[in-house]
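The structure under discussion is supplied below as structure tokens; questions concerning it will follow.
In this document, chain identifiers A, B, C, D, E and F correspond to the written order of the chains, with residue numbering beginning at 1 in each.
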Amino acid sequence: MPLVPLPQLLIEPIVRGALLEDLGRAGDITTDAIAASDSKMKTVMAARQAGVVAGVDLAALAFTLIDPAVRFVALAPDGATVAPGTPIATIEGSARGVLTGERVALNFVCRLSGVASATAKLVAAVAGTKARIVCTRKTTPMMRAIEKHAVRAGGGANHRFGLDDAALIKDNHVAIAGGVGEAIRRVRAHVGHLVKIEVEVDTLAQLEEALTVGADAVLLDNMTLDDLRRGVAMIGGRAISEASGRVDLETAAAIAATGVDLISVGWITHSAPILDIGLDYAA
Amino acid sequence: MPLVPLPQLLIEPIVRGALLEDLGRAGDITTDAIAASDSKMKTVMAARQAGVVAGVDLAALAFTLIDPAVRFVALAPDGATVAPGTPIATIEGSARGVLTGERVALNFVCRLSGVASATAKLVAAVAGTKARIVCTRKTTPMMRAIEKHAVRAGGGANHRFGLDDAALIKDNHVAIAGGVGEAIRRVRAHVGHLVKIEVEVDTLAQLEEALTVGADAVLLDNMTLDDLRRGVAMIGGRAISEASGRVDLETAAAIAATGVDLISVGWITHSAPILDIGLDYAA
Amino acid sequence: MPLVPLPQLLIEPIVRGALLEDLGRAGDITTDAIAASDSKMKTVMAARQAGVVAGVDLAALAFTLIDPAVRFVALAPDGATVAPGTPIATIEGSARGVLTGERVALNFVCRLSGVASATAKLVAAVAGTKARIVCTRKTTPMMRAIEKHAVRAGGGANHRFGLDDAALIKDNHVAIAGGVGEAIRRVRAHVGHLVKIEVEVDTLAQLEEALTVGADAVLLDNMTLDDLRRGVAMIGGRAISEASGRVDLETAAAIAATGVDLISVGWITHSAPILDIGLDYAA
Amino acid sequence: MPLVPLPQLLIEPIVRGALLEDLGRAGDITTDAIAASDSKMKTVMAARQAGVVAGVDLAALAFTLIDPAVRFVALAPDGATVAPGTPIATIEGSARGVLTGERVALNFVCRLSGVASATAKLVAAVAGTKARIVCTRKTTPMMRAIEKHAVRAGGGANHRFGLDDAALIKDNHVAIAGGVGEAIRRVRAHVGHLVKIEVEVDTLAQLEEALTVGADAVLLDNMTLDDLRRGVAMIGGRAISEASGRVDLETAAAIAATGVDLISVGWITHSAPILDIGLDYAA
Amino acid sequence: MPLVPLPQLLIEPIVRGALLEDLGRAGDITTDAIAASDSKMKTVMAARQAGVVAGVDLAALAFTLIDPAVRFVALAPDGATVAPGTPIATIEGSARGVLTGERVALNFVCRLSGVASATAKLVAAVAGTKARIVCTRKTTPMMRAIEKHAVRAGGGANHRFGLDDAALIKDNHVAIAGGVGEAIRRVRAHVGHLVKIEVEVDTLAQLEEALTVGADAVLLDNMTLDDLRRGVAMIGGRAISEASGRVDLETAAAIAATGVDLISVGWITHSAPILDIGLDYAA
Amino acid sequence: MPLVPLPQLLIEPIVRGALLEDLGRAGDITTDAIAASDSKMKTVMAARQAGVVAGVDLAALAFTLIDPAVRFVALAPDGATVAPGTPIATIEGSARGVLTGERVALNFVCRLSGVASATAKLVAAVAGTKARIVCTRKTTPMMRAIEKHAVRAGGGANHRFGLDDAALIKDNHVAIAGGVGEAIRRVRAHVGHLVKIEVEVDTLAQLEEALTVGADAVLLDNMTLDDLRRGVAMIGGRAISEASGRVDLETAAAIAATGVDLISVGWITHSAPILDIGLDYAA
């Protein structure tokens, strides 16, 4: 199944917001002064770095919200792997539409492609194992759904989207409840039947308790590779296993080799550098 | 003059938006299930990495919008340099207020401190020269004013905030106008008397033309160190000089040594990794 | 664990919206004309019918958004059972605050108490069985989270909150996929590890397929009591079982007696009559 | 004159809001997983119960806001009487557009048709008298204008739309003013010349006073049939007469027979069950 | 009855919007640079021209939304007559709060006092007659309710607030309906019982028709004084009479002397010059 | 270069807001009652007074947001000089679209043309000098960018758009800083390199200080013609000079003759009467 685009209803508010932030009160005073209203441009959006593309729909919308007559033709869809020079889209229309929308369009596509590309590198690092790379809630304010889409574009999978669509019991919750088991029981009694419960465990003893009470998933936080292996064995398929902590391109393969189902990584959303993508005049 | 905080009118909408994004429809189902309404917590927000702090006001607001009774006491203001372990704030109040607000608060303060810290490193790299580090419009959608504040917290300065508060003539504008001089003249005729005009030049010939027509500032884009030096000499104080392109911690000092007034850097906003900051139970 | 109140961040927008809808452009012209600004009132909000209360926080907010000096003291919290005459709250303050906020406050509390009361009747009807009453997505536009809270106040439980927090495969989805099993497999490949999958089955053959492929929950739609019993037996604890269709106060007990885990009912949210609650002058 | 549709400017915000509420952050994960982007569907929206239809425009908008290419053809306009099986509209287009918009579309059309149908029954009950059935301000938060439109679709008429478009003096207002006459005088002095004044009276003595002072309309609240008859005689065409209290399908005819102009009923908006309308695959 | 203030729910959105418009992205850069955070100011808002004050609540809100600690004490309420030098309020608090809020506060109070003052002059011009001065829908976009409040502050009265709270049949409507009588009949059949109907008539023949069909009010548009007098005589109290067209300080008295009930004037809202009000340092 | 239209992204929110303000909850009840849905109209928008047009795009949008099928053809663009009777646009389409949108469309175009026309008169008054007429921040709340556009339509130029796009040091700032020079220094240290600094001076001594410290522009407030002349001479091209205070059609020429670069005028935005423009039935 190819990557499913986000509904326009979900992405339009943030693209519109970003354009209004950039236009300010007076709009693009430089372009307005220089380009006549009938001046036309043709440009190519192209990668300047190898990576994976995401956010093309948002870039398209940035141009067409400025000028509906701008023609944006996507050449590389979200999830496509690009090399330096690979064209991603052509944008053709009024010089005002193209130049005024350019920065906002690039801000979206560079940032989201950065997330996708970082994810793809980790995904490649664990290739050959069953481990999937998943993101966290450490996302950019107001952009969570879009960044999670970018993670999928990079071949990763998504953890919960917010505080309300799944229960994740953390160390502080365990401390308040007085134990992993009691915490799970409280949540089970509180939530609906379609809500899964994951619990963070720091020790194998806690893991044992979580499995006994029937957690749907367990987050093995900051464990050694040995403990991860032991944990996976203890779990024996009774719950989904997730490893987190100190995951980078060097360590990922070894963590994946322990047999965990998932490896969650904050930095693919909170610290991924952008993918360099630019707009060039087309001949 | 110490760093001036952003008005609450400007930061509240984005903090509120980020909380609503995280709460979704049902709120924090894990904490609601586990923590009684009268359960209290005391935590310390502390740096886990050396760097410069920014976004403390937004973190405070994330907690108090969830529960106005939460007491947030800032210990390190925006702009403060922190070491691993340095406390940034204490947060005390209902367990629900603290745990539900935690992730959004950290998402803001980690990201913005990342911007401040990246800026501070570049600022240190050019210490002893007159060059200032400035940011660009390559910012996170909806967070431009906040990220530009973080750049100031890191010791940097701000370029224009949008398309409307200053004119920046780029290569495409020059191409449309048919020359640097004509582009400047068109803008001058169009904008108000309090709008400065900066023009991007790729060659010293263009620079000469820009100076002749009276640009307020010139952006020397991707020039060699030699050309930068020549450019600064040609300018002779008649315009503000800004260098951009291939600026990193290794190259910044040499660029600054050419005598330019400003060095603009996109990656301090678009690719800075977060500063690791966490919340710990206080004894 | 007592019922957890919804965060004010979630309920304030709809209460504010309802007040603005009622105030229109000119506000409460009748009360403004008649009550002097220093005229005071004391009223009691009381049930005029037996039932279960919900929405008290929204009623309180309706008054205090009009006049922050109005004192609203809740006497019966959400989830409380009331008889005709039972006081739910006292409201004391400016006549303008009380009279202008009255209708919006009552609109919320009557409607939500109606949902809670309808739920409570069904819950009572299945008492002694393990079956829980759950609501659907057939809710009032813009009020889903609030109505689902009212269902909890009435002793019911919540199904998914939207299209995104759990997968529910319906007959049309099965038709498109070409079968229950293929539908489940497609969803499993698409969603994150914390997303449960429920599938609607119309026959026991479909149920068998769903169990084989490993659905988390099965919706036994419009089945006879006999088929429900057979279905529950087939499931044997391997999935959560939910019955739906033709559920009313007469049929609920028999359906529950088949051993299903959940009985879902649309009419507790889409067709519950209000609970009659009024405001009376206090002596 | 046929029923006039509500302007799209007024209905789009609530339809958009309801869709965003249902889509949440991640959209329709079930349909996205199962239906290919080029998968098409043709469905018929049909009544499953006899009644009167309302809200067809909102249903149409729910589909086309999700996918502008969905073709919605209304077969039964607002105000049409339908029998079980009567087609109301055909909806044809992408499976994603149809399935994702379905629930929100039905939530609107079922609820509003429920209001229209309840109204129509009361209207039928008073047929042959001059009495009109009117609604109150006991409407669903944020849906007042839409529900009042549904009342018109059912053959009823509208009372005031809010606190600001007409004055309605209630018992509490009378108590504050010290009498019916003084209350009317205060309002008359306060409001513009195009604002009508209605006053609630509980006794014929109060009615006399209201007529003397010149109320535009009088609300005869909870009076016996005898008192209603006497009241109508006293009024003698000098004011519009409205009866309210204990109005149902059994009592309405007798109340209407007293000669009152209007009978106002809260439950047609606050407690009407939905009209069952569904979406079926078209062959 | 003194002038009733507008509810804060109605005025806060526009004051907040005006502040955000003025703050832009970066806030008050001049004041932030110059005034230390603990710098305090005391100022007096005073009239520099004779007139009538309106909008004091909006001015107060402009300061307190910037800094809740600013103390705004109103000395002259809305509706007060002021002379040059009359103090309207004292504002005391942080220099940042006072200086940043000043322009927005003055923009509201000067503009609205201008409306009130223009109204008051017309009211004075017709003193001794029964004619009331009323405003129209020719108001500033987004400020209708506030400007209508200012008209009341100046001693005037309000016409309808929008297209929906009363029916006003204009010449184009009459042309479409084919006559004054038919137009009134169509509207009567369409609107609720609390909606008044006013009709614009250009001739006494049209007036006769309007009275026959029973218009609630008639707008005698651009008639000569003689025709106005004849019209008033024809009406004989059967409808409210309103004159409009060519009303200014010179003509108003003569128009009022014809016996009309109301004189409507567009320019008190669309063309009133501001009342000059300023902020002065207090000793 | 002709006047550049404002982007639709910037003007749509205020036009939409103004329409919703006028439609209220129930829409245009008069037109809905009278005009059949297929009733068509053709009208001409024409000037009834000589002046300069502005706001034509907003008027167009008012009609097409009500009914996208209405055809609005602009005949006189923003900035055009019109005489009584000059057609500005033709509007053709459904009677409902035309009549419902009329008032909001006219409110925008009359008000903005009023601003343009007042500006044009002052511009004419200073013709032959180098002085430009500029507006201030004394604009209508929420309409600043639009009114500043109208000033440009009238031949004027724009001062800063808000508190953040340029620094303007006023008397109160000078008082806090302790002097003109210190105030400028503080601002210079605070703001970015593309922010110009203007300072208000009341005396020639202050002017001298401002020039010494290097202000970009100086506001010569309320000076005599003699002092203006002396000031211009002292400046000698080192800064932009702006005169303000007591500027009207009589005094403007003499002020301009002193040699100042700019004359700023508040009343062209805060007190300009509308330009009378109406809609007439086309034959």
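A few remarks follow.
The definition used in the following text is that a contact is a pair of C-beta atoms (placed from the backbone, for glycine too) under 8 Å apart; a residue touches a chain by one contact, two chains touch by 3 or more.
Nothing here was measured: the structure is a model prediction, and the numbers come from that model.
The chains in contact with chain A as well as with chain F are B, C, D, E. The interface with the greater number of C-beta contacts, when C-E is set against E-F, is E-F.
Against reference pair A-D, the listed pairs D-E, A-F or B-F yield one interface repeat, A-F (criterion: more than half of contact pairs the same by residue number). With every chain reduced to the mean of its CA atoms, the largest distance from chain C is reached by F.
A separation of 45 Å divides the Cα centre of chain D from that of chain F.
Taking each chain's centre as the average of its CA atoms, chain B and chain D sit 52 Å apart. Across the assembly, chain D contributes residues 1, 4, 21, 23-27, 32-33, 100, 144, 158, 161-162, 164-165, 168, 186, 189-191, 195 that each touch 2 or more other chains.
Taken as a graph of touching chains, this assembly is complete, with every chain in contact with every other.
Residues 21, 24-25 of chain A are the ones touching chain E in the complex. Those residues of chain B whose C-beta lies close enough to touch chain F in the complex are 1, 4, 132, 134, 157-161, 164-166, 168, 186, 189-190, 192-196, 198, 216-217, 240, 242, 261-262.
By the touch criterion given at the top, residues 14-15, 17-18, 21-35, 39, 41, 95, 99-100, 103-104, 106-108, 110-111, 114, 137-144, 161-165, 167-170, 172-173, 175-177, 183, 186-187, 189-191, 195, 267, 270-274, 281 of chain B touch chain A in their complex.
Chain contact summary for the complex, chain A toward chain D: residues 1-2, 4, 6-7, 9-10, 144-145, 148, 158, 161-162, 165. Listed in rising order, the residues of chain E touching chain B in the complex are 16, 19-20, 23-27, 32-33, 36-37, 65-66, 100.
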